[in-house]
Structure formats: C-alpha cells, structure tokens
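One chain, chain A, links the two complexes that follow: it is found with chain B in the first and with chain C in the second.
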Partner chain A sequence: MLKFVSRRLVQMVGLFFLFLTLVFFLLQAQPGDISNLFIDPNLPREVQEQLRERLGLDGSVWSQWATYLTNFVRGNLGVSFSQYPRPVLDIILEALPRTMFLFTLATLCSYIVGFSLGKHLAWRRGGFSEYSVTIGGVLLYTVFYPWFAVIVILTFGSRLGWFPINGFLTPEFWRNAPYSGNQVFTQMILSLFIAGAIAAFTAWWARRQKDRRRARLIRVTGYGASLGSIVVFWALRGDMRPYALDIAHHSVLPVMTLTLVAFAGVMLLTRGSMLETLREDYILTARAKGVPERVIRDRHAARNALLPVVTSFVLGLAFIIGGGVVTETVFSWPGMGLLLLGSTVIEDVPLATGALAFIGILALVAHLVVDILYAVLDPRIRIAGGR
Partner chain B sequence: MVTQDHQMVELEEGLVLEEGKLPKSLWRVRLTLARKVLRKNWRLFSENKIGLFGLGVILLFALIALSYPLMRSIGPWQNDTVYDPITGYEAVLEDFEIVLTEADVVDPTTQMDANTAQLFCFGVAAGDICTVPRQPARPGPDHWLGTDPLGRDIASQLAYSTRAAFLLGLIAALVTVIVATIIGSVAAFYGGWIDNVLMRLADLVLLLPLIPVLIVMSGLLTITLPLLGVLIGILSGFGGTAIVLKSQALSIKVKPFIDAARVAGGSNRHVIFAHIIPNVLPLSFLFMVFTVTEAITLEATLSFFGLLNVPMSWGIMLNIAQTEGYLRFGLEYWWLLVPSGLAVTLLAAGFFFVGRAMDEVVNPRLRAR
Partner chain C sequence: MTARTVLEVKNLVMNYEIKAGMVSAVENVSFSLPQGKSLGLVGESGCGKTSVALTLLRLQAPNARILGGEVLLDGENLLDLSSEEMRKRRWSGISMVFQGAMNSWNPVYTVGDQILEAIDLHWDPKPTAAKARAKIVELFGLVGLNPDMIDRYPHEYSGGMKQRAVIAMALSCDPRLIIADEPTTALDVIVQEQILAELKKIQEQMGMSIIYISHDIAVIAEITDLLGVMYAGKLVEVGPTVEVFARPRHPYTWLILSSTPSITGERRQLAPLEGEPPNLLDPPTGCRFHPRCPFATELCVTEEPPLAVIDDGHSVACWHHEKVPVGVRSGR
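Up next is the complex of A and B:
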C-alpha cells in the first residue's frame, strides 16, 4: 500500500513538472515576450536591454525554463501587476480554500446524487422514468452553463429571494466584524473536516462488524456523533456563528448549481457499469438463493459497480474544475476561478499563470486522493499495485 | 462502426455469397459490405429512442443553418442594413399612451408616465400618444424573435450562429479524430519509450481542465473560431480519446493480418496508415461526436465571458444581454435570454444523445439484450 502510494506520488510530481513546462510554453507562445507588457518602448535601447537582462529574459529559452521551475518550487511566482507589490502566491493562497470548499462539496454532492440515481436507473431499465431522468440529466450536463447559473440566480435569488444572488459574504453585515472572512471560513472547513472524519471512521468500523445489530448501533451513534460534533463545535464559537451562517448561506446556490450540472455524468456512468454488473453470475446466484431484491441491488450490484465510477473520477475532475471556474465567475465567489478570469481580462499575466498552475495542482492532488481511495476500495490494486 | 471481428464475419459471408455468381470487382464487394454493415448498425442505432431524438434535434438545427443563406439571399432577410447579424440595425417604433405619474401606469408595455416621455417626445401631456424607438424590441412580424439591445435581429443572429456552431464542431471533431488516431496508433505500434512519453502527456491533458487553460490562452493570444476549434480538437483528442484508441490499436496490432502485411514487406508507416488506422477509425467517430458537444458548450461559455474574437455566436448573444444589463430583468426580456441559451443546450444535448446511442452500437455490453 505504502509502495503504491509513493509510486503514484512520484508519478504525480513528474506530471506536475510536465504541466509547469506546458504553462511556461504557453507564456512563450504569446507574441513578443512578457517584458513588452511593462517595459516602456520609449526608453533608450540600452536601458531596455539592461532591464531585460535584470529580468533574466536575455538567456535562452531553456535557461528561462529552468529559472521558472526553480522559482516555482521555491514559492516565488512573481509579483502581481494589478495588485502591485503583492506576491502572486499570497493572493492565490487567500483564494485557494474557497475554491477547495466549493470543489469538494460539489464533488461529494454530485457523486452521491449521481450514484444513487444511476443505480435506480439501471435497475428499472426502459421505463418512462429512465427516459425522463436521462434526458433531464443530459440536458443539465450539456446546458449552456453560465446561462443556467443566471437562471438559477434569477429564480432562487431574485424572484424567490431565498438566497443572496452573489458574493462570498454580506459586506454591510461584516463591517464591524471582529474576524476576517478567511478566519471564519477556516473554522468552517475545520468543523466539516472533523464531522467528515468521524463519519468516515464510523462507516469503516461498522463494515468490519460481523454482528448486524452491533453494526447498526455503531452507525447510529457514529453518524449522530458526526452531526453532534458540528453542533458542539459551533456552540463553543458562539460569537463567530452568525458570520459562519452568512458564508454558508452564500455558498448554497453555487454548490447546488455546480452539483446539478455535474451529477449527470456520474449518473450515466453508474448506469452503464451497473448494467454490466447485473449480468454477472453472482447476481444470478444471489437471486437463486433468495436474497431480497433490494439487497442484490445495493450490496451485490451497486458496490461492484462503484469501482469504474471511482476510476472515471479523473474524467469528471476536469469537468468539475472547469465548471467551478464558471460558477465562481457567475456567482462572484472570490476563489481561484474568479481570480483566473479577472487577471486574464486585465492582462495580469503572472497572476493568471500562477492561478492556472494552482488549478493544475488541485487537479493532480484530487487525482492522487482518488487513486488512494481506489486502492482502499479494491484489494486487487492494493496488493498487486505495489509491484 | 463495427469492430474487426464483425467485419471478418461479414467478409466471409460476402465471399460465400459470391461463389455462385459472377466474380465481382473488389470495390463492389466492399460497397456491398459497407452497405450491409451500415444497415445493421442503423437498425441497432434506431432501437435507441433517445438517439433518434438527438438526431432529430441535430437535423433541425442543420435546417436552420442551411436556411440562413437562403433567407438572406431570397427570403425575407434581404435588407443588409436591417438583418445583418453583426452590423444590422432597426429601431422599432412603439406607441405609448401618456399618463400623468408613474403610479398611474397599469400596463408598462403600452403606457408611459409624462416625466419619462419628455425624454422622447418633448412637450407631451397626459392623454397624448408618444412614439418611442425601442432598442430591444419585442418579437413581431418584422423581427420574429425581437431585436437585441443594439437593435439587431435576434432570429438572424440565431441562424447565423447555428452555422458558426456547426463549423466549430466540424473543425474540432476532425482535428480530434486526426490527432487521437495518429497518437493512439503510433503509441500502440511502437510501444517502448514513445508509448510512455505519449501516454504520460495524454494523462496530463486528460487532467487538464479545458476552461481555465483556454481562458489563460485567450489572454495571451487572439483566439478566433477556427483556432478555437483546432485547440479544442488537439486538447480533447490528445487526452482520453487517445488513451482509448491506443488500447483499441493494441488489440488490432496482434491480429494476423498485421503480421501478413509485415511479411509482405510493408513499412512501419504503411502498416500504421493502411492497416491500423482504418480499423481504429470507426471507434474514433464516437469520440468525434462527444467532442462536438464539448466544443459547442466551451465556445458559448468563453464567448459569454467575452474572451474570443468571434463576430457573433450564441455565447456573444448572451454576453450582450449581460453587458447591457438586461439579465437582471429576468423573463421580462425573454427573447434576449431564452433563444441563445436553449440553442446551445439543445444542440449540445443532441450530439451527446447521438454519441450515447452510437456507444451502444459499438459496445455490445451496453445493449438491452
């Protein structure tokens, strides 16, 4: 297991450097070079040359590439043009948790919704419900996404007024707040993480039990404790609670929209893989020995259909991250995506490429997490993968 | 749309049929086989109702795209100054009844308060009629879907953009097929370090979210519609499609006819282009269809953000509604919001449904039986 993880880790680092190289050549592909953006063309020729030399732009492409990589590894991503003396890394680290929050929640929601819907679709093949859910799901999958987001905002934010139409928090409410937005936000992520860890541990522990009643007892208390931990956590931070609620209120619409768009891919995949599993001999065996249909569906078929769905995560990953960028922009959610688009529009090249590089890192890390999860789920990989 | 195994069976049948009759030339045998395969695949495809629905949607949009040049040359949209999707303009005049104050306005589409009316008709009083040129005019006999905030005909824009969407989809799909089949076949045929390098690159491209990459690219380069098609084609062809096609090419590489071609003295290039690629190609058409879906939604999204150098497209239509501030009115100006969004969604979904139905033809394990 450890061998498998470390091997994947090395591969990821290799992929990451490949990705950075790609970003670097993207920068090289622009007409002229980056110095044209801020060296005044009215300066004397020698001064321009001097400036270029000081910026390290006089060397060959490969030496510039080496400088770029070493600087990146040292955490030096340059200085933003638009927020001048502020280093790019600083700006990105401020936006990163917000994007990760949106990404993680939307991914989890879309996988849960997509998997359970796909399971039922394969089980009741060919009916009216299959056609309608499939058509609806695909329409959501291929929908003109910014347009859909606008309609969601118009409906739930503007017409019904249930949720704020955009932004990360209500500025008027935070004017005299004793905390910064990110402080509260970090606490929110922490509490969600604690609850998630308790729930995951419960699921793992309950599965190891042979006795059904004991397993159920563990599940009930464990999931209860998971919910309770959130209640206790925020009971202890009473003065922070209204601010946290404000952020949570703002995050409902973006997460919901991204989930609605992303779940169909998972649903269709689950359906396909479930249809294949249902033809296996062990399903027939289970039927023959009189196992209830619901148990066949959930325990025998769905659990084995889960593996290809988890593998496909890599395919869905790019979709969700891309969707996240659009979501952030339409909802003015101040994460990496908004940063990326905003900095591109005002030609803040260091910030734009820095944000792109970090989005790449996010994709790679998520890929690694799923690989590990896959190894945990499938013993064949856990044992054979270490080779 | 069949794998090699099917074709071998069909070939044998074709030869058996041939025995009793006069000897046919090779191309006629091939034609008969192709027709038979096509008919069989069409039967499998048409079993899928959702796929047929998708095909219908695509045909509908193709009709719209084809009707555009006709409408502009011999149809009702001949007047360039009015119906050109980019430079056309017409101020539609609407009559308003003047009422005293804003509170008296019962129906805002036919009534206007005296204060606002001073902007258009100087010196009118309550009870008069004021004729106002309206920019986003509502749908009427002259403009079937109304005009946009700049006074341009929406129906003409929609038809023009349909053509652009098909063009973009075609370019992206062709580039994807070319890139993916060549990369997949070369990686499978040579193996070794070439395979390793190509597949690691494919892994990377697969992980790469297209939208952020294209956003940053649009900041560094000027992206036009054909360039966008090529970029999407390369990026989606080099990723997942190349990986799938490589595994297909691997299974073909070990077939006896490859060895036969080699023994007969075929060069590497000959074996790849004459024997491997033709057998991988049918599968790649499947991914071609999905690429079209991707290209259409991507173009719309990027145009909506105003990042592309495209004169008119569905994304630009929504972009104009947004930048001119009409989105916040919701469905009050539905003709600015609904046609473009629905067109993108429906056409992209149409291609996706067709792709899924084709998937069931290619992949027998997904079929109902």
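Up next is the complex of A and C:
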C-alpha cells in the first residue's frame, strides 16, 4: 500500500508540473498586454518600465515561466494585480477552506443520500415509489444548474425567508464582532474535522471486528462520540457560537443546492450498478445459504455496487469544480470558484494562475483519496498494487 | 430399500410466467431419494433440471409459479413453510453447489469469511470464533485445500480451488442433502475427475445424500446410485444408474445413450438424436417426446403416459417401453 501511494505521489508531482505549465501558457496566451491593465498609461515611460520590471513582466515568456516555477516551489505565488500588494497565496489560503468546506459537505451528503436511495430503488424495483424517485432523480440530474440554484434561492431565501439569499456572513451582525470571519470559520472546520476523524476511525475499527455485536457497539459509541465532540467543542467556545451559527446558516442553501444536483447522479448510478450486482451468482449463493434479505442487500449487493460509484467520483470531479464556480457565483460564496472567475474576468494573471494551481492540487488530492479508497474497498486492486 | 427417505418430491408442477404466456418448465415431477444415496438428473439444456433444483430450495426466479406438488425433506413439506422458516432450512437442510463456482464467491470477502457467514447463521448454538475456525480448517482438509488459503480472497484461487472451496462451504452446516448443479462443468477433465471422486468419498464418509445435475451423462454415470432422465420439464425415466445404463426403457434415454461414445463397448457409428426439444410455451400434447420418438403411435399424441414402475425401483413414462430394443442403436 505504501509503495502504491508513494508511486502515485511521484506521478502526481509530474502531472502537476505539466498542469501548471499548461495553465501558465494558457493565461499568457490571452490577447492584449496584461500590464496595460494595471499600470497607468499616463505615467512616464521609465516609471512604467520600472513597474513592469518589479512585477516581473519584463523578459520573455520563457524566462517568466522559469521564474514562476522557481518561485512556486519556494511557496511564492507572486502578488495579486487587482488587490496589489496582497500576496496571491494569502488570498488563496483565505478562500480555499471555504470551498473545501462547501464541497466536502455537499459531496458527503450527496454520496450518502444518493447511495442509500439508489440501493433501495434497485432493491424494490418496479414499484410506484421507484418510478417516481427515479424520474425525480433524472429531473435533478439533467436540470440547468444555475437556473435551479436561482429557483432554490427564490423559494427558500426570498419567498419563505428561511435562509439568507447569499454571502458568507451577515455584515451588520459582525460589525463589532471580536473575531474575524476566518477565525470562526477555522474553528468550525476544526470541529468538523475532529468529528469526521472520530467517525472514520470508528468505521475502520468496527470493520475489523469479527464479532458483529461488538462491531455494532463500537459503531454506536463511535458515531455518538463523533456528534458529541461537536457539542463539546462549541460548548467550550460559547462566545464564538452565534457567529459560527451565522456562517452555518449561510452555508445551508449552497450545500443543499449542490447536494440536490449531485446526489441524483450518484443515486441513478448506484441503482444501475446495484441492479447489475443483484444478478450475480454470489447473490444466489447468499440466498441459498439462508442469508437474511437485508444482509444480502447491504453486505453482499450494495458492497459490490459501491465500487463503480466510487470510481464515478473521479469522473464527477470536473463537474464539481465547474459547478463550484457556478455555485459560488450564484450564492456569492467567497471561495476558490468566485476567486477564479473574478481574477480571470479582470485578467489578474497571478491570482488566476494561483487559483487554478490550487484547484489542480485539490483535484489531484481528491483523485488520490479515491484511489486509496478504491484499493481499500476492492481486494483485487489492493493486492495487485502490493499488499 | 430399507434406508430412510431424505427427500421426496411429489407431482411438482412449476411454470414460468412470461409475457407470451406460461412456460411449462417442470411438469409433474416425482422422485424420492434415500439417505446416503446419490441421484443424478440428466437432460438437455432447458429441460428443467436446474428449475427442479432451485425449487427444492425455493430459490426459483420471481416469475416462477409453483402450481402444485410437495417437496418433503424428512417428511416436512418445504413448500408450506414461511419464508423465514425456509431461510433457516437453507444450507442446514439442503445446501447447493452451483453451476459455475467461479462466480459463486463474493469478490470482496475472504473465502473463510464467507464460509463463516453460513456457520454463524445456522449453527445452533452459535459457535465460538475458535470452534468455527477449526471447522473451516477441517473442511479445507476434507476437500484437499491448504488451510493457509482460508484468509485469501476468491480471486487468489484457481478455478478448481474455488470449486473445492464451494464444496467445503456446502458441507459447513452438515446438511442432509447437497444439490450439485453442474459442479464441474467449468473445469478441465482432470480436475473434474478429482473433484467428483472427492465428492463421492466425502458423501460416503458423511452419509449424506446428493443430487447431481448435469447434461453430461458420462459424468453422472460414474458417481450416482440412481439416475433420473428429464425431457422437456418431465421426468421420463428413473431407476438405479446401472440398470438404466444397461437397459434403458425410455426411447429418449435409449437415444441419448446411442449418441454417446463408449471406450469399452464395440466400435460403432454414433447415432445422433434428431430434432429439437419442444417449445415449452406450447408443449406437445400427450407424451412430450412423441415428435422425436421412433416408436410414437396415435396413443402417444393424445394420452400422456404416467411414470410407471416396471422393475424394482425402475420407472418409466412411456406407452411403448417394451418396444425399446436391448443394446444401443448404431448410426449409418
């Protein structure tokens, strides 16, 4: 396993280098001289030249590329033109957690909901409920996403008024706040991370148990502790809690919209994959063994139907990133998607390059996580990749 | 025949409901199997062998309709049980070795875990982990597998090993009856021979009953005590294997044996069996074999022959069984 991961890491570095180079040249290939946008043409020519030199815009494209790569490795992504002189890395590190929060939550929700619904659909094939949920799923899967997001805002934000229509927090509420939005948000992510880690550990530990009653006991206490950790965490940070709730309140609609659109695909894929699995011989063997139906569904059929669904995550990654730009724009969620769109529109090349680079890193890491997950789930791959 | 009867099937009728109508897959099949004996069911593809086997475990397809009959396992009619009671009888009463053992294993669990699943479900009281483990080790020894393989995944097994492991799993709950549906079809002849020999040895050691299902009459002949021949959903002849081979009484059995080469018998041209099995959506009237039968008369077209006893334990469903000649037919 370690060999497999280290080999993949080396591949990832190579791939990332190619990606970064491609991004760099694509953005350089934009028509027009970028420097004209950010350097006042009324300045004297010598001053203009000096500024160009300071921004690193003199010299050939190749030398700029070499400089960029060297600086990138050193952790220097340059300064933003539009928010001069803020370093790009600083801006990205502020936006990145917001995007990761949004997409981790939406992905987890859509995979959990989509998988369990799809599993039941295949199991109860032919009923009215199966048809209606499948048709609903197809509608959500094929809907024009920006339109759908607007409808969600219109319904839950405007008509019903349950949730704020956009943004990351309520500015009036935060005016005299003792914390910055990012401070509170970091704590939120920390608490979710702790809860997630406990849950993941529980799942891993319970799986290793041979005795089923013991496994169930571990699951109940572990998942309880995972939820409990959130309660305890925020009980200890009482004065920060209202601000955290404000951010959480703002995140409901974007997470919900993304989940609704993404879960449908997962559900339909699970349904198809499960229907195929149910025809396998080992399902008949399990029945002949007298395995109870519910166990056949979950332990034998769904467990195998999961494999293509996990693979689909990699293929769906492009959608998630593209959908990120749309979601963050529609909901004015100040994450990587909004940053990428904004910086591209105003031709802030260092910021756009940096944003794309980090989206690339995110995609590569997600890919690696899925590969590892797949190896854990499928013994055939686990062994081919070295135990 | 003093041995206790383990399984008795009486007048079993099963149809498949499809859009075009009812397919008469199993028609009025009756046979019984004494303790410790083995029965072979042979017939062409689609003649209802596997349908009979699956119905014994009540694992028939969702569109199957059991229209009548009884399946008595130790005197208890399995067709009357609730599905939960039936679930408990599976594997502990009747277990099965499936057609194509290659795919009988769930790829994501180790073979040992899958055998353990059956043990955990059916042993009463539930054994300790160590006791269950000891049983699996014992079973692996019995079927000639290295116990080191217990914690391996199915894809690490060869075809023959998978089949041996399937047999080990079938034995795990000490069933009274094992149904082996084409147990060796996917294997090469040498492995096939070894596995059949081992199966027979195990059966004799443990005193259980086995139903073998195969389209390969030669395989069945070597290892069974009784032989049943099926044609188009009906059992047309059943009797001691040796007698059926020596003196087939049904024209269909006689024709199959005539189309099978024999190494020890005289050299002869094989006589192929002409025609095709009938469409079971609309089976022939009277005897279902009459369109292909060289001895058919008007009676065969109108009246269905009953399965009648003609010798000790040898029954045949044919109006003209006395016309079937002694010895096989030669081709031109």
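To be clear about the criterion, the second predicted complex is superposed on the first by the 344 of 387 C-alpha atoms of A that agree within 3 Å, B and C clash if a C-alpha of one lies under 4 Å from a C-alpha of the other, contacts with A are read in each partner's own complex, and residues count from 1 in each chain.
Just so it is clear, contacts are C-beta pairs under 8 Å (C-beta built on N, C-alpha and C of every residue); 3 or more make two chains touch, one makes a residue touch a chain.
For clarity, every value in this text was computed on a predicted model and none was experimentally measured.
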(request) Using the touch definition from the top, say if A:Ala66 reaches chain B (first), chain C (second), both or neither. (result) neither
(request) Name the contact category of A:Lys289: first (chain B only), second (chain C only), both, or neither. (result) second
(request) Identify the partner contact of A:Trp147: answer first if only chain B is touched, second if only chain C is, both if each is, neither if none is. (result) first
(request) Would you sort A:Asp281 into first (chain B), second (chain C), both or neither based on which partner it touches? (result) second
(message) Just checking: does A:Asp211 make contact with chain B only, chain C only, both, or neither of them? Give me first, second, both or neither.
(response) second
(message) Once chain A of both complexes is superposed, is A:Val13 in touch with chain B (first), chain C (second), both, or neither?
(response) neither
(message) According to the stated criteria, A:Val231 is in contact with first (chain B), second (chain C), both, or neither; which is it?
(response) neither
(request) Decide which partner touches more residues of chain A, taking chain B and chain C as the two options. (result) B
(request) Using the superposition on chain A described above, determine whether A:Asn304 touches chain B (first), chain C (second), both, or neither. (result) second
(request) Find the residues of chain A that appear in the contact set with chain B and again in the contact set with chain C. (result) none
(request) Report the residues of chain A in contact with chain C in the complex, numbered from low to high. (result) 210-211, 280-282, 284-292, 300, 303-304, 377-380, 383
(request) Could you please specify the touching residues of chain C with respect to chain A in the complex? (result) 57, 59, 87-92, 95-96, 98, 100, 103-108, 110, 117-118, 121-122, 129, 153, 155-156, 169
(request) Can you check the complex and tell me which residues of chain A touch chain B? (result) 14-15, 18-19, 22, 26-27, 29-31, 125-126, 131, 134-135, 138-139, 141-148, 150-151, 154, 158-159, 268, 272, 275-276, 279, 314-315, 317-319, 321-323, 325-326, 329, 337, 340-341, 343-345, 347, 349, 352-353, 355-356, 359-360, 363-364, 367
(message) Per the contact definition, I'd like the list of chain B residues that touch chain A in the complex.
(response) 49-50, 53, 200-201, 203-204, 206-213, 215-221, 240, 293, 297, 300-301, 304-307, 314-315, 318, 322, 327-328, 330-331, 337, 340-341, 344-345, 348-349, 352-353, 356, 365-366, 368
